[in-house]
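In what follows, chain A forms one complex with chain B and a second complex with chain C.
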Partner chain A sequence: MKTGFRQSMAWLHAWGGLIFGWLLFAMAATGTASVFKSEISDWMRPEVRMRTDPVDAVAAAIRYLSVAAPASSGWYMDAPDDRLAATIATYDVKDANGADEYRLAALDPVTGRPDAIRDTLGGEFFYRFHFELQLPYPWGRILASAAGMLMLVVLISGIATHRRIFADFFTMRPGKGKRSWLDAHNVLGVLALPFHLMISFTGVLTLITLTLPWAITANYGADTARAFADLDPGYYTRPRAGRPAPLGDLRAMLTDARARFGGDAIGRVTVENPNDAGAVLLVYRNDSNGVGYDGGVAAYDAVTGRLLSAYAEQRPAKSLYNLLYGLHMGRFAPSFSRWLYFLCGLALSATIATGLLLWTIGREKEGGLGNAFVARFTVGATGGLPLAMAGFFLANRILPVTLTGRQDAEVHVFFLVWGLATLFGLLRRPARAWIEIVALTACAWLALPLVSAVTVGLPYDIVGLGFDGVALALGGAFVAAIPPMLRKLRTVPKLRERRT
Partner chain B sequence: MTPLISLLFALAGLASLALAMPRHAAQAKLGALWVARAPWLRGCGWAALGFSLLVRLARPDWRTGLIEWIGEAGLAAAIVVVVLMRRPQLLRGLPAVVLLMVPIAALLLR
Partner chain C sequence: MARPEPRSLAYRLAVASRVVAALIGGYGAAAAVAMASARWLPLSRAEAATAATLIAMLALPAVVIWVFAARSAWRAWAGPIAVIVLAVLAAWAAGGPR
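The block that comes next holds the complex of A and B.
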């Protein structure tokens, strides 16, 4: 260990940042994209253009699911809203071997059918990856939580390390090598520091029942069902009755729920035990109305239409949790704050990336296998991620619409690109590999609007224009990064010659 | 509307605070008269920054306003950083120009 408080904090900041740095960058970048989850989903399903009343859309979806998945244990639907055009349905079906298989499908808001819509996870992929890391439950979530906790440690030790936090508040000295990287790291970290602290803390909090289960164990023992019932009293559940029964007038129930929410939009709608006498319809209020989601939910007997329970959160502790959860999700956000969330997320991603670069820049002269590995691995693991994200979007436009397993194919493209970039970075000299990866990333983002225009036509709505705008801006930023890197590549060998 | 007004005040405030710092005053080639009045600049800077927060808190949707303000202040600071990096001398006029834009914005967007 190092002596002195600031030195130990610097040590903690550097090594703590390194352990999960690559993972945190991926979480931050995909989390940033998730700010526009609904918009990305809309963009990735260009076939859905009609907008309808959410109640009609859900009723249409249920009509389809009654035929497509009558034996399902439950249908989980996200009703369309101002931002999302399609109904997103998740449900289980028996696969060829009789095992349960979960499916996610976007259903047309008018017809309720998925056929005419390309099969894609849409923005849901980035959102899920951001905290499940494509690993089996619960390992992805535990790893993401651990990374989030370390992020908090790294942020706080970073503040302690930063000697001139106010004096250097506005300081950015370009073209000075390591000094400039440090300035960029500091400015990006400090200017959006409240956001960085908030998003890390609330992110860890969203998975708290998984990582700190002991409060529940102490009070409820092994009876976690009762604990979760107390946590979420609006959630009404009952076992299958075992007698088939047709669904009642769901449209009337959905309309009644909307009236109970004071006319606010409906959000998530679930039907548990469909086509059984024990069927339950749960209707949740749309979560975009306030910072703290109030958990407004109404439960109906889906056969008779009788109201079983109605709940809105009033308890202070749970309301506080909902407030912090809502802050992380940013679902409340009107478009201006959504853009601020997006910019702050970009700043966080860039802070982590510059931090990883600083780790390697500071140790270039030391040499050694470990340092060389970090330098090379960082190229593909961080630099390859924006490329993989562009690859995911390109796959959405290029893969044949009728391809079976298309949803998974897009995800495979993402991981294939990321993996290949990482391999490429390990094999090349970092200074060269960086330029090549950044140039390729710039091309991929700049090509996106063009490829999209050729394959599905020009954008004619705000989502299409916004998407193209962001793609061009990101592409432009990557292009702008190339000349300084080329200059550095040319000067480094000269310095070496002079020395010898 | 309110977001724009509070962003402008935050920008004016943060630009003044930057000008009150010797390093950035030198970058912006601030006149000696103003350099001598750094404490005054600093006071005005904090006042404008505080006022931009007040604009947000005085409204019924102050919860969203407070969250947005934190992001806005960061955005305003980032603008100051970019100005200092690219055209430092523009910083001298920034507080005055930005404050002049407030009534114009208020009139245009009313």
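The block that comes next holds the complex of A and C.
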């Protein structure tokens, strides 16, 4: 802490940024990847090539689930759309010990079956990690929220630190060591500042009912059932009746829902209490039609086909909340806005990474165990993450398609690479370890299109070409980072020799 | 604020005091503002709860900035405590859950 407002803010910016910096970098990077969650899912399941009408695909998925998971408490499906070819189904089954086990499976849009499709979480992995951090509920979400809130504080204190924020934006002094990193940090941070502020604020907002439920408590007390019903009136639920009953004509209900959405596509579809007299079919409007996250929902008695309720949000405060939520999700068309999200996300990731580097560069001369730890830990924890992401994609192409537990194996590869990179960074001199990690990361990304072409064939559509393009661009960027680091490595020992 | 030598015990305690003020004061102020706004906003109770949550989300970073910008430790703590006391009184004055 320092005297003076600007100095206090600089202190808060540096230390606040350090505490969750590594975590925020991982959240920013996986969040950026999640912009193309559907496309990544498509790329990771090259076996799914056919495209069908979403209503047909969901009807086919339900036929399969009726056989594969008849005793499930609910089936949750994401209907395919322009961006995603497969139907993504989540459902619970009893495992060998009789305990509930949740499964995520991609179902072929035509046959409704998962048989020939490689078992993978696809883009869902980065999306889940982005806010659950692979920790048990609710701790991952709470930690992610805390990090997001700190991000907002760090952004505000970062703005307050600047004497001349506009002039700093036009300042770039390359090849000048710390000053260049500072300029890069400023340009990247200021360039997409509205995005950084928006994405931090709306990100915290997505989990706000978990982290800050006090407004709801104030108005509803212990009556949480009433609160949920009021806040989300479209969600229709009822208990299991206990009497078995076959599902009715679900295709007719899905078609009716589409008509209610003015012909717009269906999005998420859930069947609760399947094969019970209390079964409910919920159909949500596809959320890519508008910025807001909740476009409308229709609930049907899944046995008789009777419409139970239909709801589209009209209330101003909840609509504002949905709009802000949708801004964070960035699901709305057209693809131009998604690329903008992607680029801004890259800028945010790079801002955090350069910030962490600045923290260490400024304190090299001070020495001390803490500073040395930060410098070394940053190498693998930050630099190792893009490597782990490439490892995750490579595992998708290289692991045998029929491997059991393949979905988890890919995730294990991700954490193994990240962990090993972190260990490696702790053991090596940072200047060297950075070059080695970055070089390996460049190789991994550049190898991806090649490995993919050898294992599953050349890209045949826009998703495949786009994926290869991004992989090559990232690989190229990592290659470009190597020569300056080599130059620095050569000059540093010389300085040391001169001193002795 | 008077600036003790960095890395001295007094400096570390001063930092710890502000961090605690920011964490407890920041979250406490957000929670209290959420409760007061939820009860006082002239909206249905669901709408008021949603709007109040959005307002409260702005209170948290504002309090954290205040705590670290304040000139003295006394001021750093007084800010969030004042917000919490006023907001809790306002929430209480509005009566119980509506």
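Just so it is clear, the second predicted complex is superposed on the first by the 497 of 500 C-alpha atoms of A that agree within 3 Å, B and C clash if a C-alpha of one lies under 4 Å from a C-alpha of the other, contacts with A are read in each partner's own complex, and residues count from 1 in each chain.
We take it that contacts are C-beta pairs under 8 Å (C-beta built on N, C-alpha and C of every residue); 3 or more make two chains touch, one makes a residue touch a chain.
Note that this is a predicted model, so its numbers are computed, not measured.
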Between chain B (first) and chain C (second), which, if any, makes contact with A:P174: first, second, both or neither?
-> first
May I ask you to decide whether A:P334 touches chain B, chain C, both, or neither, giving the answer as first, second, both or neither?
-> first
Would you sort A:N219 into first (chain B), second (chain C), both or neither based on which partner it touches?
-> second
Between chain B (first) and chain C (second), which, if any, makes contact with A:V153: first, second, both or neither?
-> second
Using the superposition on chain A described above, determine whether A:V187 touches chain B (first), chain C (second), both, or neither.
-> first
After superposition on the shared chain, which partner residues are touched by A:L472: those of chain B (first), chain C (second), both, or neither?
-> neither
Using the superposition described at the top, determine whether chain B or chain C touches more residues of chain A.
-> C
In the superposed arrangement, which partner chain does A:I142 touch: chain B (first), chain C (second), both, or neither?
-> neither
Residues on chain A engaged by chain C in the complex (per definition of touch) | 1-3, 5, 8-9, 11-12, 149, 152-153, 156-157, 160, 201, 204-205, 208-209, 212, 214-221, 223, 227, 230-231, 315-318, 320-321, 324
Given the complex with chain B, which residues does chain A contribute to the contact?
-> 167, 169-172, 174, 187, 191-192, 194-195, 290-291, 327, 332-334, 336-337, 340-341, 343-344, 347
In their complex, what parts of chain C are in touch with chain A?
-> 1, 3, 11, 14-15, 18, 30-32, 34-39, 43-54, 56-57, 60-61, 64-65, 68-69, 91, 96-98
Touch list for chain B against partner chain A, complex | 3, 14, 18, 21, 23-24, 63-64, 67-68, 70-72, 74-75, 77-78, 80-81, 84-85
